[in-house]
Structure formats: structure tokens, C-alpha cells
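After this come two complexes, each holding subunit A, first together with subunit B and then together with subunit C.
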Partner chain A sequence: MASMLEFRTQGFNPYAVKYSPYYDSRIAVASSANFGIVGNGRLFALGLSAQGIQVEKTFDTNDALYDLAWSEINENQLVVACGDGSIKLFDLGVNDFPVMNFHEHKRETFAVCWNPVTKDSFVSSSWDGTVKIWSPTRNQSITTLPIGNCTYSTSFCPSNPALISAASTDSHLRIYDLRTPPSAKYHLVSSIPVHAPQTLPGAPAQPASAPAEILTQDWNKYRDTVIATGGVDRVIRTFDIRNPAGGALSVMPGHDYAVRKLAWSPHASDVLISASYDMTVRLWSDGSMQPAMNPNGGPSVGRQLGVMNRHTEFATGVDWCLFGMGGWVASVGWDERVLLWDSNMLMAGR
Partner chain B sequence: MAEASCSGGTPFKQFLDQQNRDVSHHQDRLFHNSFSPAQSSFRSSPANQPAQVQNDFGAFMNGSSSQFGSAPLQHPHHAAGMLPGHPQAFESRWHPSAPSPQVEMAQQPRSADMSNWAADFTRFSSQQQAPAHPMAVNGAAQPLAHMQSNHQAPALNFQSAFQFPNAGFSPLYGPTNGGLMDPSAAAAQRPAAEADFDQEMSRWMEANGPASNAKAMEDVDAIMEQMARELDINEGAFKDSETATPLHQDPRFTDLETPEIRNLTPDTLSQTINNEPQVDQVKPRSEISEAAEKLLDTVQNEQGEKWKNSVFLSLMRDFRDGKKDIVDNEVQVMPYPSAEETEGGLCSPR
Partner chain C sequence: MGALDRISQIGGQISGNPTAGGRDKILQKRPDDIVVTACCRTAFTKGGKGGFKDTQAADLMTGVLKAIIDRSKINPELVEDIAVGTVLAPGGGATEMRAASLVAGFTEATAVRTLNRQCSSGLQACVDVANQIRAGMIEIGIGAGVESMSTQYGPNAVSEFSELLEGHKEAANCKVPMGVLSEDMAKDLGVSRASQDAFAAASYQKAVKAQKEGLFNEEIVPLKAKWEDPKTGETKEITVARDDGVRDGITAESLGKIRPAFAKDGSIHAGNASQISDGAAAVLLMKRSTAEKLGQTIIGKYVCASIVGVKPLLMGQGPWKAIPKALDLAGISKDDVDIYEINEAFASQCLWCANELGIPQEKINPKGGAIAFGHPLGCTGARQVSTLLYELKRTGKKVGNTSMCIGTGMGMSAVWVAE
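Let's look at the complex of A and B:
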């Protein structure tokens, strides 16, 4: 295994890690005391230097932090999702306190994502069953999208600012298009049953799997209609949102416990990385670069490219570095560690 | 050519250019209609709102505002209150054939309140109002169909702010109902209304006025005397039963080990308190304890070093075994029960 850079978030268990979209040497980590069960949260802004990973700034919050997103329009700002339902906007130039506080969610806010295209808004999802769209300049949300049950993950499409995806406990991946009139289904344009049996014309029906909570999802950075999901059933699946009833494009079984976080590579269209409650981080290829292997037309089975086994507690967060040669990733786990490592070592045999 | 590429030379031409400019692309803006209350996502009204607004206003002018008084004040931009669970619920909400929720509210019988002065007036005014205003609803007695035939449109929310107890004849707001009723019609109704009002007021004062109060005060002395006599009788009967049946023979009131309250000394009091923890033994386990047990059951087959050394799983074991618990929003160590306490049946923390 290649050498790693390591940082300890002493006393706090990380939930999420994100590279800055502006600097290759800046990373932020959202963490919580007592594994997020009870207690405070701490946001770490870390910088990479010749001396290793060093703290640039920390911000403490009254409640646990579950996710974060860097601002796409201000290199010093980022938002965090708090256990008390609030979203806080911190500025690295301002000490101690957030510069904005957005509090409408009734329960834990569990995910935030900044709009990467228009850069003027961000989206959040919560256990209160809603997804909210915010502007960083106003305290009230711009739009609320009803989901109806715990929504663990939401994100903007990386190529279309009007498309939002949301994954929730009811085993559905929902797609919202803000260009549609809100009166119809509150912008809901597609609802993909992740665990439904696959129905393809002229092909035998694929068996359904038991519905399970979806904990994470991410848009492919090259194929803007493809989304990967992961969750309690331990299997990573990819879907084409243009064919909601078509079932999964590919499946990637291999994790021993629930998949907590996944992220598509910004450098390769078929590569993604996942962090799991089995304490591993795994690298995958969804097989889209290979010719179709399944003659029945069912989902192709992806390939595991490698396993990173250094975390000693649940692996909870992972992210790709946007810069350089590509392949550097950051992973965090409840072992109070932030690990930066080169995934190219795992992909050597690809 | 220059004129086509540059703006108009005169203000009038600029105005024409402005009018002729294609603004259809504005509809594709991300938040094209989020700021418009009429089209905002959660309380958007049906397309025929202007006609309904006119109907509502007509209904209001006809003095039926109290029909809508029971409709709750709704917040036009609040999402959480609109979450019955699933998007389908929202679809039916605005289906053309679906009755308006506010109409449904108004259709529910309103219980007659006989408890106070204002209610008497409300009842009175309703009785008087019914023949003069066929469209006005007389509380619970008004048929449903009448309501539907005249008021299909949802009520305007502002009407709840104008919830007069008797819209047509309120002595508090004048016969014109605060200026909202036709003055000529009000003038025609005034003599009869005032005569009825005087008659009803005198009747009410007869029943509830100072004379009746004086009579009531006289009755108080008699009532107090009777209560004193009953108290003497009851005390005598209790003493008789106490001498006939000793308390220690009645299992419902005491037992052999429990001293009577009047015989308690500090020693017996502490002894009694020490015997109380019998209740703690059946105290249900904490929520975190049960959750920890379920989690540990899930991973009980894991034998790897990581799983054995996991700090998180160790914490879960402590929660499960009652060694730790969440007290006052903190994880606290609970003292172990000593051997003597365990033998003595004491399981509660010291």
C-alpha cells in the first residue's frame, strides 16, 4: 500500500470529508463528538504542506456535524449540516462563529451540496423528509421539495443546475427538475425504485431485492444521466435516470456492511469509490467501459479494483481530489483519522 | 445594421425594444417562480383562482365570513405542514374533483358554545341572521350542499383575521359589519335588529345581571352551611369505620412493613426510601441500550481484530450493559452495582 498522509481529529469522529474545489491543498472535515450520538460537532479546515496535514481553522458547533460542502463561489466559505436541523455557513476568515445560519429543517440535516453550475445556491436534505434549496445570502429557503421520509443524501446534477437527486429510506431515488411547474408533483419528475425487479422487454424478469435504505448517491461526472446508489443492502448500483423502470445498469456487490458514502471519480467515467460500515474503502469500476457481458440484458456486474483497509472503525466519508494527475482521495472514519492516499496504487492492475 | 446591433436612439424606441424582447428564456431560470406567492410551491392555488377569489369576496360580503373562521391559518411557504407522507398525497390535494380542504373544514359541524355571554350573542345573531341572509351559515345547522353550491373556491386566508362573531348584526362592529356591508341594506335592517337586540339583552340581564348575582350570593351561605354539615357527617362516619376496622388489616392501604405516615421517624423514613428501588428493577432499558444491543447482535459474528478493538463497539457494549448511559445530553459512566447491592436487589445507580 502506498504511503498515506494522516491527520487525527482528536476527540471527534469524522462523518464527511471534502476537497476544496479551489485549492488542491485544502480539505474540510465535518466531525462529531461521541460518534454523533450526542454532543458537539467540529469542522476542521485542513491544509496540506511540506510538514503534512495541518489545521488551518476549526469551528465548533453545539450539535453534531454530518456533512459539508465547499462554496463554489467563495473559496473561503463552506456549509455544514448539523444535527439540530440547521445549516451553518462558515468563512475561514471569520473566527469561531458562522456568518450565516439556515434553520428550517425540523430534524437532523444530513446532507448538503453546493450547486456546481450556477454556484449561487445549495441544497440540503434532512430526516424531516424534505429537501430544501437555499441561497447563501438569505436565511429562508428558496424551495422545499417534499420527500416524505428520511432523506440521507441529495445533490445537484453536475451538468444541469435544475436537476436534483435525493436518496431516502423508502428505497427510492428521486429526481427533481426545477424547470417543471411546481403544481404537478412539486418538481418530481422521476422516482426510481432501487430494489424493484428489473423489467426489460424480451428478457426474463430479474428478481427484486428486499427494499432497503439508500444512504448515499452520486452523479457520474461524465455521463450526466447516470447515478450510483449505495445503502443498507451493501450493493452499489448505477441507474440511468432516463429509464426509471429499467432497473440498474450495473451492480457492484462486495461490501460486507452498508455502504455509507460513494463518489464517482472526476477523472474516469467508470470509476467510483465507496466507504462502508465494514471499515473498508473500496474502488470500483462499473464496467461501462467494457462490452456488455450479460446476454440476458440484466445489469452488468462491476469490478472491484481494490480495497483500502487502513481504517479501524466505520469508514464514513470519501472524496476525490480534483487536481493533479488524478487518483488522490481523502477518506475519513470513526477512528478519528483523515487519510489522504493515492488510489492509483489500487488501480495498478486495471 | 448599426441600428440593429445597438440600442435604440430614442427613449420611445428603447421602450418598443423592451416590449418586443423575447422573455421566454426567463422561464427557464432556476428559481423562476419561487418568489411569487401565487405560484409558490406549497400553497399554489388552482388556475381559476381569480374567479374563486371573486366568489370568496362575494361570500364574505354576504356575511358568511364566520364559515371560514374555523379554517386554520396556513403559512404559504411552510413545507413541513404539507407532508402527510408521500407525493401522491400532494397530487390529490389539487385534483380538480377533490374538495378544498378549507371547504371541508367549514363543512364540519361547529359545536354550539353555550358557556358565555359572547356565545349567547352569537347564537342569537345566527338565529336572526338566517332568514335575512339565506347564504349565511348558521353554525352547525347549515347544510353541506348549500356551502358547496355557493363556495366551491377555497376561502381566502385573510378572512380568518376578520372573524366577526356575528357578521351581520354585531353590536360591537356596527350594522355595516365594519363598513363591509351595503349601507342601505344595513339601514333597513337596523330598527328590527336593534329592537331584537334590546329585547334579548334585557332577557339576558334578567338571567345574569346584578339581581341574579345578589340572589346567588344569598344562596352561597346556605350552600356553605350544607357543606359543613355534610363534612361533619363524613368525618363521624370515617372515625367509626377506623375503630371498627384497623388499618393494618386492610391490604389496600398499608402492609406490615410500611409504617404509617404519622409514625415515621428519620430512621424509618430512610429505610422506606431504601426499599423503594424495587421500582427501579422493572425500569425499562434506555433507548440507546436497546439500539446498542441490536447493533451488537448484527456484528456478533465478526471475529477480526478491528471488530474486537473497535472503540465504537466497546461503547455500544457499555450502553448495552448499562455501564454507560446518556444523561443530560452527555455520555456518562454509570457506577457498577456492588455485590451487596446486587444481593439486596438494588440495581439502581448510587
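Let's look at the complex of A and C:
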């Protein structure tokens, strides 16, 4: 693999990386001292220049940082998910301190996602078993959705501002629709048992896999009812939220350890990328562009398009660049490195 | 926040451990938890010789029920049901136990029943009451167990099997005496005499040490009892406050000299099997919300319990099957448990179960077990709760498991948390 840009987050182990939605040359990394177990956090705002990757700004926090999301309405702002349960809004034009602090979660905040459609809110999930929806201008949350167990990942549907997904330790992917009337179900519209057996009429029952924590999930950017999940059982699965009991659409086994983070491509409807505790980043096609392989029903098996194995510690974060000819990705890992590379190179040998 | 929590979380993600975080979960305090606010037992005394040899089971039960009221300061009228596990009592002891509750200070409003699931009766009583509370049938209840083996142990415990039962091979196995089948099981599973004697001697030594350090003081309620001196025939009143089966100076070597009891070439003898004893124990249970409302001191909580069946001839394997099921129901792994109270019916079966499950010796019965201080059948399950919770508290540990094998081939186990 020839050209690969590299940046070292000296003394800090990255947990997440995100490209700016405004600039093709701006990237942010959420990182933590001591692998996020104890100690400070540091947010890096990085710029790509002719001289390589340069630090534009850093912000330090008192506890570890686990995730970040760029603001969709202000190109200089971003929120971070902090180990003390807070969410902090930083502005690249304001030194050192956050411009807003949102502190309601009672345990580690693990994920944040900005609403990409209405752009006026963001969502967070936490170890305290709740998902909270926030306005960047209010210190108190707008809505709290109770999940009941540690929730590693939450996000807005990229095409519908009322749909929120959440993935938790109890092996369920939950979908919330804020348009439903408030009730005892707190807008929960479906709860997908990710490890449940497949029940298809006329087909032999597929065995259930053991329930395992889901660590990451992402909405497909083209098919707005498809979500991919990954987690402790090492398998990536895709689901159609219109058929919550129908089981996985496709499965992508291959990682040797838990899948820490996955992201659908903004450029192709069948391509996604994943980062894992097995220190690799892998590129996949979920097989949805091929004719159905499995006429009996049951999940199709996706195809691994390539493996990036330059990280020397757990790969924890990965994101796609929205700009350019498509295919550039950023990956981060506990090896204190941020790597920018062209995923098309992984397929060059094929 | 907690660095250890974060490490264990990351560890769980990497190892793919399905019970990662399970311990966390059961340590959480919820208003609908079933909690223990008082538990105690009498001393255990040797059958036919010890301090309670002339004391009826109902009198023992009266003693511990009184102590439960004293310790918890609960208004007796609020206790809605008492379940008493007892194995040998004729008629199940139902009449006597109801009467005992009235003597102890409960009013006619408190219901009483007895039950018999052999050696797990005391645990079954606690679990039944916990389930009654969980289901909303009652708010506050007592699970208890009692056995007077001095007055009620004997050949009448089992009636003659009918021809129908005798004609069915596995059914007929249900009445093979415990000692005989345990002897065969030890032989078949290759549990050596030496390892049994070492385990039994350790039980004695742990109990002696615990007794000397006063570690039983919190759980034992001293009880006055009438006792007839076999030499003089004179009856006097004594206070029984210590397990009199615990003997100092027992080593694996000294046990090695005892003649086997059930077969000439056998390995089981009086020194490496549970003692025949008298005793009673009780546990006061209610929801956490109720306990907080009443200002009760919470000692621990009941998490869950399992019941399993095994082959009648291999009844000693009960805990080996019951413990994993209980841990499974609790969502924890065997390493998440700090102390295992495994009833020592026989050193052979207890040792075999622990070895099969890979439970380290230092986690098992830290204050000794039934080999050292006795196994009053119906009482043991309720006794283990006191022994466990006070030991967890003393050592600053949290999660405990109690279990026992059950005659005719069953096993029972429960998970508890100390607070």
C-alpha cells in the first residue's frame, strides 16, 4: 500500500475519527490517555495540507473521550462523548474550553451523532442505559429514551430526522420513531434481536447464535431501511428495519475479534468498512448488488473486499471522506495513529 | 468513572465473554430486589449426644423465629407467610411449626407451611418465599429450615416401596441408601480415599479456626435447652451457643485410620461424611422497597435459584449440574462468585463437583461445612444463607452461591449478594 498519510496522537489512544462534513481537509479525532481506562481525554482537530497532517487545535478534557460528531450547522463546532457522562461542544475558534457542556448521563457517554437532516439536534448514548436527544443551544436534554442496558452506539437515520437507532449490550438493535405519540414505550417502534434464529416459512430453522454485545451500527446511506451491526461475536450483520423479526439480510464473518466500529460508504450502497480489536480494518460488500445467492431465504453471505493491517494495536475508529473521487477513509487505533488511505487500493490486487 | 469497570468491559468485548458485566448487573440495587434483612441459626449439635438431643424440632424453630423478630425488630403482624423446610418430621411437621410460630410471637395472621425437598428443604423454603414476594402474593415472609435428627431420624423415613416401584429399575434406585450409592460413585469417578480425607480434614480445620476467631458468633443464636445427662440421668437447663461437632486436631492422617463404613474396601467413613445433627435456621425476606420503607437493615439479596435432576444413583452430582444453571440464570460466570457454600454431604461428592466445575478450594466453604459441624437435613439450605452472607460481609466480598445435592438425585443452587 503506497501512499498513506499518518499522524501520531502522542500519549493518547484514539477511540473515534470523523471527517468534517464541510471541508475535505479537516478531520477530528477523539482520544484518551491510558486506553480510556483512567486519565484525560484529548480532542484533535487536524488539517490536511501539502506538508501532511497538521494539528489545527487540541482540546483537553478531564476524562476519556469515546466518540465525536461534527456539527451540521456550524463548520467550526463539534461535540464529544466523555467518560464522565458529559457531552462537550467545542468551537475551533474558542481556545481550551467547551462552549457548551451537557451533563445528564450518569455513566460513560459512548456515542454522539448529529441530526444530518434537520441539523438542529444531536443524540447520545451511554453506559447508564439511556439515549438522550439534545439541542446544541440548551443544557438540558430534550428527550430521554430508556434502553435499560449499556448502549454503545446510537444514530439518526440519514434521510429521516425522526428515526433513531440504538445498539446495546443486550444483543438488541432498537429503532425509535419520534413521530409516534408519547407513551409507555417511549417512541420504541421495533426491537431487533440481532442474534435470534431465523424463522422463515418453509425453510429449515437457522440456529440462533449466542447473544453478544453490539458495539457499533450504522444506517445505509442509500437504502434508508437497512442498518448494519457489529460487535463482540465478530460478525457483521445487516437488517431491514421493516422486518424486525425476519433476521439478518446478510452476514459478514471474518474478523478475528470484536468489531469496534463500522461505517457504510457514502459512495456505494453495498460497501462498508469496519475496524476491529483484531487490529485490522476490513472493506466489505454486503452482496446486495448480486442476485440473491440463497434461494431458500436466510441471510446471504457478504464478501470481504480487502484487509488493511497497518495498525499495530486495536483498530477502534473508521470514517469515510465525503469528498473527492470516493474511497478515502480515515482509521484510528490504540497504536496512537491516525491513518488516511484510499480504500480502492485494497481492491487493486483483485 | 470506575477504571476496573472499564477494564472488565473491554476485557469482555475482547474475550467475547457472554457474562461480561453480569456481576455488575446483579450488584445493582433495584427497588424490586428480594432482600434479606435478618438471618440466623441455632448452633448445630450432635445427634443423640449434643446439646439439643432432648429438644423437639418445633422448639428449635421457635428459638430462631424469636431471634428473627428480635434482630430485625420487625412487627410480627407484617410477616404474611413462613415456610419451614423439614424432612423427617411425621406429618411434615405442619402442626408443630404453626404452633411454634405462635409461641415465637407471631399472631394468627401469619400463615405457616412446611415443605420437604430432602436436603434442600431449607433453601427451597427461602426460594419459595422469595418467589411469593416477587409474584406479589405476599410482601414479607420467612424461609426457614429445621431438623431434629436426635428425635426423628430412623428407619421410618421411607415406607416400603410397592411392587410397581420396585419393578422399575431407575425408580427402585431412589431408595438405595446415601452411603452405599456415594461409595459406588466415589469408586466409579475415581475420588481417592486420600483426597476425601484431606478435604474432610480441611473442613474440620477451617471450622475450628472460624470457631476460635468467633466467626460464627453473628449467625448463631444461643438457645436454652433441657438436656439429660446420660450418666446421671439428671435433667438440667443448658445454653447451647456453639457447634459441638467441631473437633480440633483432625488431620488427613488421623482420618486415614478410620474404618470404611459401607464397604470393606470403601473410602467413605464417619470422618469424611456429614454429621447427623440437630439445628434450625431462618431468613427474613422482603422487597428492597418494603425494607427501606420499614427501615430494615439490608444484609444481602437473593438473586436467583436453580433446581435440577440427576440420576438417583449419582445424587452427589447435583451441585455440579445445579450451580452452572444458577449462575446462568444470574448471568454471571463461575469466576464472578466470591464464595461457594457447597453442602458437604460427603467429601467425595463435594470434592468431585468442585473439581469438575473448576472451583478453587479457597472459595469453597471458608468456615468449614457439614463434615465439621453437621447437616440437619431440612435446616442446611437456610443455614447456608447466614453462613454465607456474614462471611461475605466480614471479608468485604459480594457474590455468593449456595448449593447442595439432594437424595433421589437432584441438585439445588442459589445466588446471593451481600450488601
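Points worth noting:
Note that in this section the second predicted complex is superposed on the first by the 345 of 350 C-alpha atoms of A that agree within 3 Å, B and C clash if a C-alpha of one lies under 4 Å from a C-alpha of the other, contacts with A are read in each partner's own complex, and residues count from 1 in each chain.
In this text, a contact is a pair of C-beta atoms (placed from the backbone, for glycine too) under 8 Å apart; a residue touches a chain by one contact, two chains touch by 3 or more.
Bear in mind the structure is a predicted one, so any value in this text is a computation, not a measurement.
With both structures placed on the common chain, the touch criterion links A:269 to neither subunit B nor subunit C. Once the two complexes are laid over each other on the shared chain, residue contacts for A:344 go to neither subunit B nor subunit C.
In the superposed pair of complexes, A:37 makes contact with subunit B and with subunit C alike. Once the two complexes are laid over each other on the shared chain, residue contacts for A:312 go to subunit B alone; subunit C is not touched. In the superposition on chain A, A:182 makes contact with subunit B only, not with subunit C.
In the superposed model, B is the one of subunit B and subunit C that contacts more residues of subunit A. In the superposition on chain A, the residues of subunit A contacted by subunit B and by subunit C overlap at 35, 37-38, 257. For subunit B in complex with subunit A, the touching residues are 28, 30-34, 39-42, 44, 77, 79-80, 82-87, 90-91, 94, 288, 299, 306, 309-312, 315, 326, 329-331.
On subunit C, the positions that touch subunit A within their shared complex are 1, 3, 6-7, 9-10, 12-14, 16, 18, 20-21. Here subunit A touches subunit B in the complex through residues 13, 34-35, 37-39, 104, 106, 118, 121, 128-130, 132-133, 140-144, 146, 148-149, 161-162, 178-179, 181-188, 191, 257, 279, 312-314, 334-335, going by the rule given at the top.
Those residues of subunit A lying in contact with subunit C across their complex are 35-38, 63, 83-85, 107-108, 127, 150, 169, 210-213, 215, 231-234, 257-258, 260, 277.
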